[in-house]
Each structure stands twice: as C-alpha cells, then as structure tokens.
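Should a chain be cited, it is by its letter among A, B, C, D, E, F and G, assigned in written order, with residues numbered from 1 in that chain.
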Amino acid sequence: MTSWLLVMPIAVPFATAVLAYLMRRAPAGRWISLTGSVLSLVASIALLMAVLDEGVIAAQMSNWDAPFGITLVADYLGVVMVVITAITGLATAIYALGEIPERLERLGYHALFQTLIAGVTGAFLTGDLFNLYVWFEVMLISSFGLLVLGGTREQLDAGIKYVALNLVSTLIFLSGIGLLYGVTGTLNMADLRDAVANSEDQTLITVIAMMFMVGFGVKAGVFPLFFWLPASYHTPSFAVSAVFAGLLTKVGVYAMMRMFTLVFVGDIGFTHEILIWVSLATMLTGVLGAAAQTDFRKILSFHIISQIGYMTLGLALYTPLALMGGVFYLVHHIIVKANLFLVSGVAYKLTGSTDLNRIGGLYKSSPFLAALFIVPAFSLAGFPPLSGFWAKYLIVKASIELEMWFVAFIALFVGLLTIFSMTKIWGMAFWKPHPDGIEPVPTRVPAHIRLPMMLPIIGLATMTVLIGLFPEPFVQFAETAAAQLLDPSDYVTTVLGAQR
Amino acid sequence: MIDILKALLILGGGAFVLIAAIGIVRLPDLLTRMHASTKAGTLGSLLILVALAFDIGTVSGTSKVLATVFFLLLTAPIAAHMIGRAYARTSVKDDKPAKE
Amino acid sequence: MNGFLINLLLAFAWAAMTGSFGLGTLATGAVLGFFALWLSAPLTGIDRLYFLRSYRVVRLALYFFWELLLSSVRVAWDVVRPFPKNKPAIIEVPLSVKSDIEILLVTNLISLTPGTLSLDVTQDRSTLLVHAMFADDPDALVAELKNGMERMVAEVFEK
Amino acid sequence: MNSIIFTAGARILVALLFVFSLFMLLRGHHLPGGGFIGGLLGAVAFIVYSLACGPAEAKSALRASPEGIAAVGLGIALVAGLVAFFFGDPFFTGQWYWVGGDSYETSIFSLNTVLVFDIGVYLVVLGSILSIAYAFEEET
Amino acid sequence: MEALTALVVGVLVAASVYLMLARNFMRFLFGLILLSNAANLVIFASGRMTKGAPALVPYGADTPAGVVGNALPQALVLTAIVIGFGLLAFTLALAFETYRRLRTMDTDKMRVAEPKDADEDKK
Amino acid sequence: MSAADFLDLSIQIGLGLILLGLAVAFIRLAVGPTLADRVVALDMMNITIIAFCGLYAIAIEDPSLLDVAIVVALVGFLATVALARYAERYFDREKKSPEPDADKPKGGGDD
Amino acid sequence: MAEPSDPNAPWVTPAGMITVALTAALFLFFLQYLPVVPRDGAVQWVWDWIPSLQVRLSFWLDGLSLMFALLITGIGTLVMLYAARYLAGHPQYNRFALYLFSFMLSMLGLVLADNLIALFVFWELTTFTSYLLIGFSHTDPKSRRNALQALLLTAAGGLALLAGFILIGITQGTFELSQLNAAGSMAEHPIYLGILILVLLGAFTKSAQVPFHFWLPNAMAAPTPVSAYLHSATMVKAGVYLLARMHPSLSGSDVWVYTLTIFGAVTAVFASFMALRQTDLKQTLAYTTLMALGTLVMFLAGSSGYAITAAMTFLLVHSLYKAGLFLVIGIIDHETGTRDANVLGGLARAMPITAVAAGLSGLAMAGIPPFLGFIAKEVAYAGALTMAISWFVVIMGMAAFALMFAVALIVAWKPFFGPQGDLPRTPHEGPWAMVLGPITLAVIGLLAGLLPGVTAYYLVEPAVAAVMGAPDVGGRLKLWAGFNLPLLLSVLTFALGFVLYKVHARLRAMLADMEARAIDMDASWDVFLDRFMALAKGQTRVIQTGVLRHYMFVTFAVFALSVLVTLILRPAAAPFLDFTGIGFVEWGIAALIIAGTVLVVLTSSRIAALVGLGVVGIGVALIFIAYSAPDVAITQILVELLVVVLLAVALLKMPHLDRTGKQTHRPFDAGLAVLVGGVTTWVLLRVTNAPFDRRLTDFFEASSWTEAFGRNIVNVILVDFRTLDTFGEIAVVIVAALGAYALLKGGQKAPPDDTPDATKEDR
C-alpha cells in the first residue's frame, strides 16, 4: 500500500485533468479541478504521515525491482515539497474560481493547471533520472500552455523567450542524462550514487555534473541563466503567475539539491564552490533587478531570482545547517511568493494596473489587503518572527559557522535590499494615494470574485505567520531532511531494497 | 543460382536508383526530372525489394514485400502528380518561374 | 467496387502485413477493415457493383510492369547519354473513364509508364493533363494512351 | 484541394493507413510497432483524409473531437495503471488474464492491462496530433 | 560508430546553436529541431551502438539470439522523440500565433513584455 | 568467386549506389531553385530510403527492417503532398492579394 | 504635522480604551516587581520556543529591564491616552492604536528578552512597527520617505546586530544573556572585535549616533504622541539599552571605551548645536534626544560605578522629561496650530496646567535642583572624572548639559512666559486626557528628585547592578553631596547655559551658515539612494536586455564554459577517435546528415531549410536503421514527416527568412556555436570511449519475454518496465496539443488590440 501512497499525489491531478478537460464546457470544470486539488492535498498529507512514520519510503512502479523499473521515493525533502505543492495548488485553484474567466476555462485552463501540478509532484517523487526528465517536461509543457493562455501580445512575446530558453535547458538536461547513462549504465538515482562514485573517470563525471548544473540552473533561475523568468512571469493571469512563482523554479532547486547531494558529491570542492559564487551573484543581481523595477509583478519576479540564490547557497555550503536552511527556505518561499503574486492580482483587480506609478490608495481603502500584503512581504524580507526570518537566519548562521564572512555579508545585505523593494511596493501601491484619485474599495468587486481570491491569500498568510511563530516542528523537519540529504544511505537502501 | 539472381536484382536496383538521382540533377526541367524519379527510382526500389523477397524466402516475408511494393506503386505516382500539378499551376500557366 | 470488396481487400492487406494468412488473421483483418471503412465511409461511398475481371487484372499488371521496365530504361538512357535528347510537352488527353478509382488507376499507370507523367485532371473529369517527355507527335501519343492503358483499365472495371 | 487523383488515392490510403495503424498497435508487444507508432500512423491517416476533404469532414469522420479522444486515451492509460490497485500490486503492474488456459503457453490469447495502456497511448498520440494539425489547418 | 556519431552530434549542435542565436525565430525553430536530433543521438550513442539484430526475442526463444541492440536507450530515444515533437508542435503554434499578433519574427523587435523604456522610472 | 561472394559484393556495391543516389539527389535538393525541384529531390530520397531498408535488411539478414520500408512506402508521399499543397496555396494567396497587406507574410528574400 | 483632530469627535473608542487599559495593566504588573527585584534579584520566565536552534522565549527581569519595562508601560499608558484624544475622529485611529500597542509590546519584549535571538526578534519588531508609525501620515511623500529611511537604516544596523549575535552564539555556545554576562567579558576572544563592531553598528543605528543620526529628526514626521514615545523613552533607547545590557560581556577593552566615548561625545555636541539651530520646537526636542543619547553612550563607555550610575540616572530623567515635553509640544501644536519657536509665547495664561507641566519638565531638563536632573548631572560629572580621557568627557559633558539648559529655556520657558507672537488660533488649555500625561511625568520627575534615596533604591541601583554585573558598586544619589568638583562644574554649566540662551538667536543664524557648508547626511541619503537606483537599473539593463539572442548567447556560453573550465581545472585526457568497424555506409549517412545540416544553416530559403531538416531527419533515421532500432527509426520517420507537414501548413502564414538589421554578431555566434559543438563532441567521445555497464539491458533482455510476456524489448520497456515514463510522455503530448490548440483557437476571440484587461474580464 505504501506504493499507492506515493502514486496518488501524481495520479489524482492527472485524473482531475482528464475529467476537467472532458467537462470543461460546463461550470463543472472548475469544481472538478477544485475537488481534485483538495484530494491531492489529502493524498499528499497521507504520504507525509507515512514518511513521518517510516522515514524514507519507496515503491517500484510496475512491480520491477530497482534499478530496472522506475522507483518513486519520498524522503523528508521530497514529501514536504509534495505537500507544499498541493497546498499551493489548492490555493491557486480557489483563487482561479474568482480570477479565471470562462473563456480560458473553455480553452482547458483547469486541465493544464492540474497537469502542471502532476508534473511538479512527479518531479519531487521520482527516484529515476530519466523519469525526472519526463516530469520536467510535463511541468514545462503545462507551463507553456498556461503562460500563453489568453494570448495577449505581452504573453506571446514572453512566451517566446520563456519557451526558447527552457527548451534549451531541457535539451542540455536530456543530453546530460544520456551521457551519465553512458558512463554508468543506470538511471536509478540511488543506484547512480555508487555507480558515479566508482566511476574511473571522475573528471568526466564532474563535466557531466556541470552540465546538470547548467540545465537545472536555467530551471532554477540562477545567475546568469535566469533571463526567462523576469521576461515572462508578469504576463500570465495572476493565479498562473502565483503557481509559477511558487513552484517552477523550486523544481530546479530541488533537482539540484537532489542530484548534488545524492549523486554528484565526488568533487564538492569544485562543483559546490562554483555554486557558492553563482548563488551570491544570483542573490545580488536578482535583488538589484527588483530594485530597478516599478511594476508590482516584475519586482516580485526579480525577487524570486534573488531568493533562489539563498536556496542554492544552502546547498552549496553543504553543511547540515546550510542544507537545513535551504530546505526551510524552499518551503517558506513557495508559500510567501505565491501569496504575493496572488495579492498582486487582487491589487490589479482593485486598481486596474500593476504599474506602481499608476496605482495607489490600497492602504486607505483596503486595510485588510494591506495587512495580507505586509505579512508575506516582510516575511520575504526576512523580518522576524515571520517564516522568512528563520530561513535567512539558518543560511546566515551556516555561512558564519564556516567563517565565510563575505557570504554572510551578502546574504544579509541582500536581505536589506529586499526590504527596500518590498517597501517600494508598500509605499507606491498601498501608502501612496491613487494618482487618479480612485479609491480602490474592495467591495466594488463582486463577492463571487472577491471571496475566492481573498480566501487563499488569508490562508497562505496565516501559514506564514504560523511557521514564523511556531517554527520548531518545521526546523526539526528541515533538520531531518538535511540529514537525509547529507547522508543518503537510508534513501539508497530503501530504494534499492524496495520489495516488489 | 538464386544468389546470382539476387545480386543482379540488387545491382540493377542500385543502378536505377542512382540513375534516377542523376536524372533529377541532370535533366533540364522539372517535369522531365520527375520522369526520372517516378519511374527509374520506383523501379530501382522495386528490384531491391524483389531481391529481399527472394532473400527472406518465407510466405510472410514475401507478402510483406508485396505489400510494400503495392504501397509504393500506389503512393509514388500520387506524390508525383501533386508536384506536377503544383508546378503546372504555379508556374506554367502564368508563364513565369515558380517562386517558392 | 463495393464495400464488401474493399473490406475483403483490407482483410487481405492485413494478412499480408501480418505475414500470416490464417483464418484468425483474415477474420481480424476483416473486422478491423470493417471498422476502418466505417470510419472512412464518407470517403468511399460508392456502391456500384463491379465484377472483378481477374484475368484482366493480371494482364494489366504484367503489361504495366513491362512498361515500367521499358520506361525506366528509356529514362535511364536519356539520363546517362552525353547529350539528352527529349522534346517535352504538356498534352491533353480526353478521359472516358469517370469513376475515381479508374481515374486513379489510369493516372498512376500513365505516370509509371514510358515518357508520360500525369499532371492533373480537370475538374469536370473530362481531360487528363499529361507531361510527355518525347512528344514528337502529340496526337499519336494521345491515341496510344487511350488505346493502351485507359482501355485496359476500363476493361478491368467493365460491367 | 480538389485534386481528383489525390482524393481517389486518399480513399484507399486512409482506410489502409488506419488499418495499418491498428496493426502496428496490436503487434507492438512482439514486433516493431506499439501505441506510439500506431497513433502516429493513425494521425497520418486522418491528416491524409483532411488534405483530401478538408479538416471539417475529416473531423466528422472521427466522430469525436481529437482533444476528447486524446483525453479519453490519457484516462484509459491511467486506468490501466490504477487497475493494479485491485490486485494488490503497485501502479502500472501489468495484469494478465489468460483466456483458455493459465499461462502464456496454454492460453489462446490474453487480456492484459499492458495492451490497454498501449491503446491509451495510441489514442493520446492520435488525438493530440490531429488536434494540432487540424488547428493549424483551420487557421491557415 | 560512436566516434562518428560524436562528430555528427558536434556538427548538429554547432549548427543548431548558430541557428538559435539568429534574430529570426524561424531559424531558432530549425535549430531546435536539429538540437533535438542531436540530443537523441547522444542518448543513442551513450547506450553504445551495436550492429546486430533488433532487440526482439525470436518466436520460440526465451531471450534474444545473439547480440541485439541495446533496447533501453532505444526506448529512451523513442520517448524523447515523441516529447520533442510535442514541444516542437507547441513552439510552432506559439511562433505562428506570435507572428499573427506581433507581425514580426525578429526577436530583437519582440519587446512587448520587456519594453525598452521599462527600466526608466516615470516620475 | 562464389555466388555468395558475388552477392556480398553486390550488396556492398548496391549500398554504395544507393548512398551515391542519396548524395546526388541532395544536390538537387540543395540547389533548387524552385520549391518543386526540392520536393522532387525529397521524394526521390524517400523512395531511395525504401531501397536502402530493403538492401540493408539483406545485408544484416534481418527482415524486421522491412517494417520500416513499409511505413516509408505508405506515408513518405505525405511530405511531398504537403509541400506541393503549400506551393499551390501560397501561389493562390499571392495571386489573390499581390499587393502587400497585413495578413500576408512579408515578401522578399529568395523564397 | 499631525492631522488635526476633530474636537467634537468621540475619543473614548474601544480600540483606544482597550490599549490604554492593557498597557496600564502591564504597568501595574511590572510595578509589583519594584520591591521584589532590589530585594531578591532577577526574575526569570522561560518558554522553550525553538529548541533546535537554541532559541528560547526567556525573559529576564532585573533592575535594568525593570526600569525600562516601567518606563515603557508607564509612559506608554499616558501616551496612549493622550493619543486617543489627540487623534480623536481620525479615520485611521484604530490602526494607529494597534501599531502603537504593538510597538509597546515589541519594546517590552526587547528589554525583557534574555535570549539574543529572541531579543533580535523584538528588536526588528520595533523597527517594523515604528516604520508604520513614522509613515502614519502616509499620503505625505515626505512621511513615506522618512519612514523608509528610518526602516532601512535601523534594519541595516539590525542585520549587523544579527550577525554579531550569531557570532556570539557560535563562539560562546549560548544565546542567553544572563549566562553570557555571568561569564564575564569576552574581550579576549579572537573574534571579539568583529562581534563588538557588529553589535555597535546595531546599537548606534538604532540610537541614532553620528553618523547614523539623521533618521531621527526626520522621524518626527510621525504624530506627536509617537515622537513622545518612540523618541524619548523607547525605541531610540533600545541601542542604549543593548549597550547597557551587554556591558558585562562586551566592555573591558579599549576599543569599547574609546569608541563609545568618541561616538557619544560627538553625537551629543553635534546634536546640541543642531538643537539650537531649529525653530520647530519638535525638531529642537528631537535633537536634544540625540544629545541625550550621545551622552548616555558616552557614559556607558565607562566601567566605574559613577559612570554607570550617571548613565542610568540620566536615562531615567531624560525619559520622563522628554516624553513630557514632547506631549506639551503636542498640546501647544494641537491648541495653537503652530510649533514655531519664534512665534510662540505667553501661553501660560491660557494654558496654566500645561505651563506647569512644561515648567517642571524644563527644570528637570535644565538640571536645576531639586530635580533629578540636577542629581544626574552631579553624578555625571563625578562619573566623568573616573573615566578614561576624563577631561574630554567633562568638557563634552559640560557642553551638552549647558546646551540642554539653554534648550530647556527655549522649549519650556519661552512659549509660556516669553513675549506673545502672532498665533494661528486662540489658545485654550488642552483636554484633560492630553494634559494628564505631561503633568504626571513632571510630578514624578520632581518626586524622584525630592526622594533620591527611594529612586536610587528601587530604580537606579538595581539597574546599575545589572549593568555592572554586581550589586552595590554604583555611585550614591544625593541632592546635596557637599562642595566638590561636580558642584563647581554644575554652576559653571548653568552660567554657560544661560549665556547660550541669551545668544541663541544669533547663534542660530551662525549655525545655519555652518550647516549649509557641512556635509548633510540627510541629503547624502537621497544621493545615495539615487546612485543605488542608477546602479540597479544599469545592471538590469545590461543583464536583462529584453533581446532573446542575448539570453541565448549567455546560456550557451555558460554551458560551454562550465565544461571547458572543468576540463582546464581537472585532469583530463583527450578522448580518442576509434573509427574501426565504420563502413562506407555509416560515413555516407554521416555525410548526408552533415550536408542537410549545412543546408539548413546556410540557406535563406525556408523551404530549402525545411527539406534540409527532412534530410537530417532521414539521415538520423538511417542511423537508427543501420544500428538495429526499427521502432525508433519508424518513430523518427513519422515524426519527421509530421514536422514537415505541420511546417508546410504553418509557413503559409509566416514570413520569409529575411536577414534584417545588422548581422555583426554572427561571427561571434559562429564561434560560440563551434565551441558548444566541440565541447559536446568531446564529452560524448569520452563517454563512449569507456566500457559500458550492461546490467539494465541484460535484465531487460532476460525478462522481456519470460516475465513480461513481450518479444519486442523496446516496447516492453515502454509499456511495462518503464510505464511511468511513457505515461508522462503521453501527458506531454496531450498537453502540448491542448496548449497549441488553445493558442491557435483562443487568440481569435481576443480583441485585435488587447489591453491586459482583455484577458481578465469578469464573469
């Protein structure tokens, strides 16, 4: 039955996608999608319970032994990503009830959305490298569809860049898989660990590792490969950009964390050292990019990049504390960033633009929304006692422990600049009066649109506060996750010993 | 004996294929070139397929070869017709060189 | 040529493809063929009954392969000789066959035989546009085509 | 496109291609073929159809929207995997039912989820490619 | 044969990179097709190229007779080909629609989402 | 020289001829100059592939390559048809609206 | 300028009264410890918060934190009551009350926290809540700017502080202040200097020491109750509190002594002159706050009982009179509509009670006996004499105290008893809710001076003991300590102060002139932000150009470099080319592929490119045929065919391959292309040079028929061994189709020239 616990978080969104597509014309589509998202959450929580109970769990798909068949496996990192994906999915599914117009629903919005969730979840659960590629593709093609759904000129332009750059990264990744298979003869990630370690040509392994880093680096949006992200994330509907912002880059980070703790650990002095500098550059360029923007969503987009740097830094420093920080950061950032994009959608609904120069007055007439913005915004900026503070704290502490003063300095400095951008949004969209004297009163938006849009924002903000106020279970969880990453022997034995 | 036959079929087929290819390069205008590909090319392939049928020697193999031949004879002229028709419509009638 | 015939043809095609002419294979082919025909019914909506004149088919086939060989040799010779000598022209051949399958057969056969290449059939199905490689005497060529290939095809489908 | 020759050829070819596509699907487990190749061939069949008669008629010959066929195909493939649940096996474990025997050797033929899955693959590939092809066709 | 395939892959990759760096998005598309082919060849060659029978178990036997081609990379390549086709079809549709709406295929001129003056504060 | 040797030699020569055919056909495909020329060359290559499959099946003594040949024989013509149809439709459009308008692709270049 | 309240608006609102009551209750709660702490020592409450990170919500109530807690809650109660009346009828009063109350709680947490990380949490919360308070008049751009300035500066310091705290935790093994202080000075630790600098950065920014001082006067943009509260008793004192709290751990080095002395002294004197310079009474008070903060920091440099006693006493005095005076200014502003020192005068008749409050607070500020201010000054001089570079401290202290004397006259005397000016409104006595605060504070200030023993026993001595880390080491608080040097210095101070008051009008003009020539930190702030923005925009313009091929170039370049760098830095033998067993067929196929590729690259005819792609596809299929992969070959052929078919349809409505614009980048592109291709070949050769592990393949070959009942191993892998891959793959295909379909079909219904709104219409 363990096997089915691993399968359901993937199978449910697929089944939902099929049904939602077949019934897309009726209003049934959106309710099917919502029900599916609820069920996905239930399934992922069931999986979480199992992992908390048993530690790493694995199952052999089609009932073929590892490494011959495809393994699904959930360790702490994997399962928390699955749960957080389901949460983000549910939040955006509710939001979509209010935001997504029927025209887009008829074009298959819900099906694309659910396959996106399925792809992301599959990527988090698979223990097979080629299968990871397949899930990457499922996720990628769904995101293509969602990004350009609606077909505005802006979306199409963004779509060209997004698609082009992501396809290149995909092909780099695919070639990397082929080459690694050529060296080791296996695709199972647990099996690869030994095979890679025993390879006689370690330089070649490092070269292939670097190819993976580039491939994943594009997905994750690290410096200098992040171009596709700020070029596109401000163009689709807000529910879509929220789920993109929350999940997509994280899959890249996750894949990097997985491969560079499980498989590519033979030349840490090289690969991870490079990643430190890449991370720092990512943090800095992202936050500077954000400072230069005056659009709500563009600022948020550049911040994704900046924050990705913290997560990869957690991996690059490669200590228990640093990885713990990386894991904590992943979880925190998904919740917070998705929420900020959702808020930007409500702000857009109320003010008619996301250009900060053209909007304002939200603080005065929508204090509740203001409060709901403040929470994720200052969490992102790392203000205590919100979730982002603990995330940043762990990373900074890890770099100080390593006596990497410069790294710690950059991590803190970027935090300061993050405050700068968040307060820029706050100052221009909320505090500043609307330039046209409009009073963006929330009740002007009909309740059947407003309520579904506000509900997930409230929920995610509550989670941000709760994680901030009661971080202990999350910290402990991240600690175990980090320990499993640094010493994957449990992972390896569970996967290779999984019963047929 | 059968080997010799196969060899001859193969050589003939190969020769026709090559000649057809030379034809589409060497012959002066498009429609004339199409004669080369449609006839000589098809025949060349047919000869080699016949050699294959002898080579396999089984009923199933032969029937597959026959199916292939049938399909080829059915589709090759249709393709040729489509090109010819397009060429005729786009260039000959209006008496100007066909532009892509 | 009716549905049954096509169906039978498809069943045999299936058997040929599988390489086994057992009863099971043929039956499977017939069922699948039926399904295929059902799907493509709008296309094959001819229900006139024809007797298959098998000897004419065989004769046509032999004639055709011989002509194919001849034409290929002729083209080949023209390709390889130092100074190609041909007088190409487009000639119009009046068509007496009218059904789709006949027209297809005629045009395909003309394309595969010496010196001629079917280009197009006019919309009223009255004329076939043929490209002739050696059109020294267009009228003679028209007559040859009409009395040769077209007549033999028409005989195959004769009622 | 109103070419009489092509249309006449298409009448034969569509059926032929379609039968061939099913043939490739069914034999795929033992010889070259399978759901992908079958689906691709099926799509080619209906593309030929639409070239001959236009996408509207080709669509109506298909009896269902290509997108719907694809979605149903994905559903079938998923169900083929989920069936294993009722036999206590992991996802996508092939379930074999031997008709007239208890093993491959003794049975006449078998009913199995592996083929069901391949049929799902076939439908998805067929439906998806036709959906794209017809959309392009209609937009130009 | 792997050596020759590696050379071919190199040419394909170089050509596709050159095409993908062009301003005309159609060239990018062509480059993408070449690059997909290259990636597939990489996988195929990585599984080593065996001249022999296809990976089939003959009727009447339990295992393939003699050396057969490595089936796993074939399956992977097959998967990658089909995925690549899906991605390509979408990208083509995107290019098509983009041209219909933006009236250009010149990516230098595709500045709707990132307009030239976007970084200037309108104060 | 035995008959078998002669066959082997013929196979090698045949493969050579076929490959040479492909190469020669490629010249026309590359040179053009019209769309129809290129399509004829592509069509020629299609037919040649069938020959190659057949001959290679003899060479490696494996009839399963015949399956590839069947597929090419059945579907290869579609590329030719599609391109020919493109030429016709493109020409029709040009004729219908020779003056530049918004819906027509920009002219210029050599195609 | 605070928004004027509506005198008729009801001011007893739930939000106001609840916050006042809660704060008062907290005050009473802490008051009950007043007898306990001096007698029994510190009280501790501990909740485990994040055990894994050694972060505990541990609270430590000793003399120092008790004094602060009482000031925070006591003054807080009065200020909140005052604010309820001051902002009566203000539409955002409820938010204000919430912010102020939250700020109060944060401040309370800060002074009570024993765990450094918990302390930091509260520290940042005060930063955040004060940001909301300073920006309360949010429609005013200046208000927003100043709030941001305060936030960024104090947050920057806060981040340094965090780094310092983390360093302490790592080096000392604990975050608990009580344990750290008990362990004594860490001055000997090699990393001490780093820690000290980081902590001082935090403390100095928060307590507005020069050169981080400029945010504090700007923060006066907040409503007056906020100024009274934040800038007297609480937020700005957080830095001072931290220095006092960590005194046992961090003092004990020359760096500590000199840094604090010099920064404190410079801040005090600078602020004094700036205070004289101002005409807005609120600004004047703001600078005197700076002055006081500087003085406090200066005295915390010392380690003698007298120095610390001076600091603690002065801290107490200052909190009382400064809060009182701010509230008085608020009443004046509220009643007369102006805060201009030149205009105000003769208000004593109209506002007698306020005048009394102002007078008492002013006397305390001026340091006149018998007020506690006098005692503080005496102790301060006594303390100064014990410190390192005592002459410097004495001179600086005297300058500051004299200026305070002068400012006290300007702020507390002149508006009430000076010549009356031209007022915007006829003044009345303020409402009782507003007057209650200043008068209470003034009376407490007086009582504290009259009963120095009580003050000392309950408040000052326990605080000093806490700072010193030992009891009974402080100086004695006495109204009359006999004729001694401090008394002489006091008298000198009064004389100097009076002179300064007399000449302050002339001085003001002189100072204005000097200020114009000095470096204006506040203006530099704007320049700094502008430069920063320019940098940000410049870097973004360079990196995110908006041009796809730039992105593409960098991506490919990174790919090539990542491989090349590895090959350079790691031992790498060149791969070998093994062409054995490659017949002419393979060479022919390779040549065909390459020829097709070259055609695609070189041609400017899109149809030529298309057929070139077809040739490449055919060539690749031939490789699959030649190497016994019929399934792959068939799939490749079919897919290639479909690509051609789709392109042939799509190209109808697409443009030609015109080469537009300048193409100067193409040689570079070609170079990169060759590099990427070469790198790929290199790696692939190296991979295929090595022997291959056939484990997986062997398994598949062995079990394809026997266990999976399929003879086509490739197909069995697809539908059985690796079904999940295939499932994902068909999902990709279907989603690609849905996406393409939506793109092609969905666009039609969109309006031809769509605004962003077009996609998001309401249902």
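By definition in this document, a contact is a pair of C-beta atoms (placed from the backbone, for glycine too) under 8 Å apart; a residue touches a chain by one contact, two chains touch by 3 or more.
Since the structure is predicted, the reported quantities are computational estimates derived from the model, not experimental observations.
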Other chains in touch with both subunit A and subunit D: E, G
Chain whose Cα centroid lies at the greatest distance from that of subunit A: C
Most remote chain, CA-based centroid, reference being subunit D: G
For subunit B paired with subunit E, centre-to-centre distance based on mean C-alpha positions, whole Å: 31
Separation of mean Cα positions, subunit F and subunit A [Å, integer]: 47
Intercentroid distance (Cα basis), subunit F paired with subunit B, Å: 10
Length of the line joining the C-alpha centres of subunit D and subunit G, rounded to whole Å: 61
Overlap residues in subunit D, where contacts from two or more other chains coincide: 3, 5-6, 9, 12-13, 16, 20, 30-33, 36-37, 41, 44, 47, 67, 71, 74, 78, 81, 91-92, 94, 125, 128-129, 132, 135-136, 139-140
Multi-chain contact sites of subunit E, meaning residues that touch two or more partners: 20, 25, 28, 38, 42, 44-48, 51-54, 56, 59, 72, 76, 78-79, 82-83, 86-87, 89-90, 92-97, 101, 107, 110-111, 113-114, 118-119, 121
Subunit C, residues touching no fewer than two other chains: 13, 17-18, 104, 107-108, 118, 120
Subunit D residues within the subunit E interface of the complex: 30-32, 36, 125, 128-129, 132, 135-136, 139
Subunit C-facing residues of subunit D, complex: 2-5, 7-12, 14-16, 18-20, 22-23, 27, 49, 52-53, 57, 60-63
Subunit G partner contacts - residues on subunit E that touch it in the complex: 1-15, 17-28, 30, 33-34, 37-38, 40-42, 44-59, 61-64, 68-72, 74-79, 81-90, 92-97, 99-101, 104-108, 110-111, 113-116, 118-121
Subunit G residues within the subunit E interface of the complex: 533, 537, 540-541, 544, 546-549, 552-553, 556, 577-579, 581-582, 586-587, 590, 593-594, 597-598, 600-601, 606, 609, 613, 616-617, 620, 623-624, 626-632, 635-636, 639, 642-643, 646-647, 650, 653-655, 657-661, 665, 669-670, 672-674, 676-678, 680-681, 684-685, 687-688, 692, 694, 696-697, 700-702, 704-706, 710-714, 717-718, 722, 725-726, 729-730, 732-733, 735-737, 739-741, 743-744, 747
Subunit F partner contacts - residues on subunit B that touch it in the complex: 1, 3-4, 6-8, 10-11, 13-15, 17-18, 20-22, 24-25, 30, 33-34, 37, 41-42, 44-45, 48-49, 51-52, 55-56, 61, 64-65, 67-69, 71-72, 75-76, 78-80, 82-83, 85-87, 89-91, 97-100
